[in-house]
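Please see the structure below; I have some questions.
Labels run A, B, C and D following the written order; every chain starts at residue 1.
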Amino acid sequence: MRKTIAIVTGGGDCPGLNAVIRGVVRTAIGRHDWRVIGIEDGFEGLIGKPRWRELTLASVRGILQRGGTILGTSNRGNPFSFPVQHEGRTEMVDISSQVVDNFRGLGADVLIAVGGDGTLKIAQSLYQLGLPVVGVPKTIDNDLRATDITFGYQTAVAIVTEALDRLHSTAESHQRAMVVEVMGRDAGWIAIESGIAGSADVILIPEIPYDIKRICQAVEKRRNSGSRFSIIVVAEGAAAIDGQKVEQQQAENNFGVARLGGIGHLVADQLTTCLDMETRVVILGHLQRGGTPTPFDRILASRFGVRAVELIAAEKFGRMVALKGQQVTDVAISQAVAQLNRVDPEGELVLTAEALGISFGR
Amino acid sequence: MRKTIAIVTGGGDCPGLNAVIRGVVRTAIGRHDWRVIGIEDGFEGLIGKPRWRELTLASVRGILQRGGTILGTSNRGNPFSFPVQHEGRTEMVDISSQVVDNFRGLGADVLIAVGGDGTLKIAQSLYQLGLPVVGVPKTIDNDLRATDITFGYQTAVAIVTEALDRLHSTAESHQRAMVVEVMGRDAGWIAIESGIAGSADVILIPEIPYDIKRICQAVEKRRNSGSRFSIIVVAEGAAAIDGQKVEQQQAENNFGVARLGGIGHLVADQLTTCLDMETRVVILGHLQRGGTPTPFDRILASRFGVRAVELIAAEKFGRMVALKGQQVTDVAISQAVAQLNRVDPEGELVLTAEALGISFGR
Amino acid sequence: MRKTIAIVTGGGDCPGLNAVIRGVVRTAIGRHDWRVIGIEDGFEGLIGKPRWRELTLASVRGILQRGGTILGTSNRGNPFSFPVQHEGRTEMVDISSQVVDNFRGLGADVLIAVGGDGTLKIAQSLYQLGLPVVGVPKTIDNDLRATDITFGYQTAVAIVTEALDRLHSTAESHQRAMVVEVMGRDAGWIAIESGIAGSADVILIPEIPYDIKRICQAVEKRRNSGSRFSIIVVAEGAAAIDGQKVEQQQAENNFGVARLGGIGHLVADQLTTCLDMETRVVILGHLQRGGTPTPFDRILASRFGVRAVELIAAEKFGRMVALKGQQVTDVAISQAVAQLNRVDPEGELVLTAEALGISFGR
Amino acid sequence: MRKTIAIVTGGGDCPGLNAVIRGVVRTAIGRHDWRVIGIEDGFEGLIGKPRWRELTLASVRGILQRGGTILGTSNRGNPFSFPVQHEGRTEMVDISSQVVDNFRGLGADVLIAVGGDGTLKIAQSLYQLGLPVVGVPKTIDNDLRATDITFGYQTAVAIVTEALDRLHSTAESHQRAMVVEVMGRDAGWIAIESGIAGSADVILIPEIPYDIKRICQAVEKRRNSGSRFSIIVVAEGAAAIDGQKVEQQQAENNFGVARLGGIGHLVADQLTTCLDMETRVVILGHLQRGGTPTPFDRILASRFGVRAVELIAAEKFGRMVALKGQQVTDVAISQAVAQLNRVDPEGELVLTAEALGISFGR
């Protein structure tokens, strides 16, 4: 039977999303002669008047190397808890039946949902409502346990490492401590990998509460040995042992615009009190999501896209593609969500970093 | 006569400084068999106990492609106005005689001063005190009138353009207005060139006061034509027509750490009031100074270094190297300082940008 | 009057061509509300059944940063000397009237011809036949005298310099002489600029016949001073003083496929006879044309595109845009063609390179 | 007991070697207070008068991001089969006792040998002679079975992918078939991964003999669907089903210089006979070894270096570090050598590529 596949990308954008879309389209059309339609702007595209477009071989030409998603994405649009205005107040309403109706109205047989924890939970709930769903995991932070690694993550590490390489020359010239805040609310993967690769002196991650005194000692020791600058990489979710966690409200500036960053400035402030040294803060923010995916991410995302179509061919719904070792395999979506992949404070990566002379402030 | 040349780098670091140093050393030693010594940490290296090192052919090996300066630099250390503690207060004192004595004590015959307006003014004053001085202009902002272009500037433009390329994919995926704050306190060169190259929709520069209404119109028009995101590049010295200039104190955060940026957040705030659109701010800060110089900057800086030595061979002191058209030439340092090179609001570059559909908010 | 502009890109592809096309389309449509049509595959698109497409604002979206030309290009298709099969033989025939007829048949008013010497000569001849023509110079080799610099050239220099940076580490590790052959049949600009920027030890250009003995001396001297590797950059048009010029036929391999390179292998061969040193040859070939244009090239090409439309608005036909100093201006096409811009063997660039210790084999 | 570790790098250079050296030095000195000496130029440094240098924390500063090896390397110098002149002839002699004596004469306790199959075999033989040896695998081709992946490989894939990205624009503009020859004598890893990542249309690898007719069909089919260019990636060890393998002697040019490449030109030649299409060949050669390692390679190489020192601390000699899944572990060197890791013609990677529409010429 000739199937019609709908594909949706949800959550924050991530390098490799286009490679997934291309992998799905090329396999579905080229191999199975199926039809593919792309839902626009995440699940929002299935709410109200549906927003979608036909995806042909031509429409995925040249997108393999482009960051972001040609379909658009959204952090909003959870159909199981959708904000509706009612008597002047905003109420969260379950409008999932509307999403299901819209999906069916498009003539689609299966939904491929590409996204992180939030998107996959919605996908799982839709699956439980009877929708044939296949999931593709996406998390730039690499914090999903169900897959060894996800696409986008390595690109983010590459961008941060490149920034660290660049900051070395300026830190060196001015004998400064450079605090670089990177993504990682719950897991310190980006911080630790880019920190090792970018020759950081201190790395602060959510998994290891830091003691500012230890950091100052590390910087001081380095200075005494003749290196008059230090690079400190801080994951946005890092926190001090004594509970100093930068509050979300501190991250809001007085103009009401969400200001990226917070912990980076806090750490820099703490450093200036214990060190007689110039300090500068760099917050990489959205730069970490941008740009062309690394070859690894292009390949992994392509493999995920191809595999998602194969799952459909095998009628294995409610499943999510995943990387295990060197192999792409599949797991139950239900099992995949809500299990966080965090850096092991006593694992090989942390111990390697410490052997290299990097301090975690512990 | 076998000369001894001292070289000092002052002010903010800048890609290409090492290429100047290498050009000086290779020409002075390889061609003239002179001696070169490098003063450390800007003019601070000539205050108190001199800090310097011998520069040999080996010591400049491999530095051509490295950003920053192997000699270190400093924004402090103006010997004509140096902070000295006196009876519990800080007084600004002229200690230039100490600098001259230290210089002579090193056995140096000539000083090559590489730096921006501040450094060149000190160089000129030292020259007036009788020191044989040759200047090399350095300004990453490209705001010195005495030379058509300076090294480091093009590298900064390349870094900003690369960032804009990356941000396009994320802006596109989320339908956001992305405000990118870049260097340029007095001149908008980096903003306008990277904005054109990086396909910005709006560019705000110090030379053209902006009207926020015009910016909103431009973004609105773009949205109506189907492009649901906009990239706004803002020079840190940009200001609104009605005098809303972000004050330096706003740029200080409550931890006492100088927070880079300010105007970017202000513009984003203003945008959110007139547009129903997500807005994100990225402040590139020190990233703009980092990294390997572009080929053009490596070549220009090398040419400046070679020429500086030739000026010494010709005993043309009180002169500064400069690029005029395709030729490296020299001008009086006195004439070079304090003349700002600003973007002409009616010049070809601005008009080209406008023809391409870019708004300056006017 | 609402004009229809036709634009054609001819000759080898070059980074920046798309920026010219985008500049023309944005200015012509956005500012003048004119119509733009793109001729496909160079002048071949005006021979036989015309091949062209409408160019809209949408069709130039996202192309600024893409290398090559969306219109296609061709080295063939000179309408004044076109190969026609006649009685079993190929005759070169003037079919320019067909081109003019096709052009008129499209309803076009003006032709913008973007190309190098060959394309511009055709443009000039068509202009003399009465066609309103405006030219935009394109030469990746930077060898046109009528403009100070052309787009694409700097990108090529950047790619070669990046390759030299990479080859340094491998040359160093193995103590090899690395011969790198780069573009430049008639002029050595790419070789000299990338050679200076990429820290080459020897640079061979068409303008300075080389003596192999001098090169061997330079490499030997370097080895004696402790640097056990050397980087030799060779322009494809370089030649030895005693007339050893690699013949075109040597560049053909025994499979009948044109093998890029030739002089590089010859120089490597000559080096191995005078030095006891491993030698490796790298021929960069088409890599030098590829990739995203540098910011400078994107801006220059955009300026050229905008200016070409302004020339049309001013009805200045038979003119070509050009860069003079910092300004884009225009010159007669007739004056522009056939005047080569070559490296001055006694000019500042060569002398600077020699001061840095680089040998030209003289 | 305070140990003295000697480290040697052998075989072709590879991005990440410096990261291994740095990892060894930082761990050995910083953690154990041992001494590290670096043997120069592979095993050649232990033949004749030993060539070595002391490695301190300062001597590994700034090398993490540099390609190649600061110690130098060599493909020659197998002490078990060393060329010695004897009565006018070259004889291969076992001089391993000299190497052992030299090693002992340096006061070294353990040898860390970093290299590929050849180097590891020598290391194993020295271990059997009683030398305490630890191995670190290095193969840019990723063809060692004992480790899931090696450093340097991913950097090579990144460089090839970048080249393919660049060549797309030129291939597209000219409607050419572009044949790109990449490393991979025995295994097609670089070809297949960069081919998938760089959107190749055809990939030829040693593991899958190709039928030129199939390739022509693939290119033809692509042309019929409107894509008038094709990218063909060829591993240097690829071969046709009918045994057309390009002979080593064909790879020698008439100047006696080893000419990289061969199969690329052969494939291009074959293509021109079945297609009416311009063909160009690019041979990436040594470019693939150069440049700064990717973050992944910097981290993996650092982990290998740290682990090698830990093996010494645990007195586990005759072992080699290896990556298994996400973990660095160790295996017997004897078991590691001579087992090739090749692409599985029916494995997931090949099938994924075929699902994406890529032809392997079968």
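Rule of thumb we're sticking to: contacts are C-beta pairs under 8 Å (C-beta built on N, C-alpha and C of every residue); 3 or more make two chains touch, one makes a residue touch a chain.
Everything numeric in this text was worked out from a predicted model, so none of it was measured.
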Quiz item: Going by the contact rule set out at the top, which chains touch both chain A and chain D?
Solution: none
Self-check item: Averaged-CA centre spacing for the pair chain C and chain B, given as whole angstrom
Solution: 32
Self-check item: chain C and chain D: spacing of chain centres that average the CA atoms, whole Å
Solution: 35
Exercise. Let me have the rounded angstrom distance from the C-alpha centre of chain B over to the C-alpha centre of chain D, please.
Key: 42
Quiz item: Where does chain B touch two or more other chains at once, residue-wise?
Solution: 165
Quiz item: Given which chains touch which, is the overall layout a line, a ring, a star, complete, or other?
Solution: ring
Quiz item: Can you name every chain pair that touches?
Solution: A-B, A-D, B-C, C-D
Quiz item: So in the complex, which bits of chain C are touching chain B?
Solution: 22-23, 26-27, 30-31, 57-58, 61, 64-65, 148, 154, 157-158, 161, 165, 193-194, 196-199, 225-227, 292, 294-296, 298-299, 302-303, 306-307, 309-310, 325-328, 348-349, 352, 355-357
Quiz prompt | Complex interface listing, chain D residues touching chain C | solution = 12-13, 15, 17, 41, 66-69, 72-74, 159, 162-163, 165-170, 172-175, 178, 250, 253-260, 265-266, 268-269, 272, 279-283, 285-287, 289-291
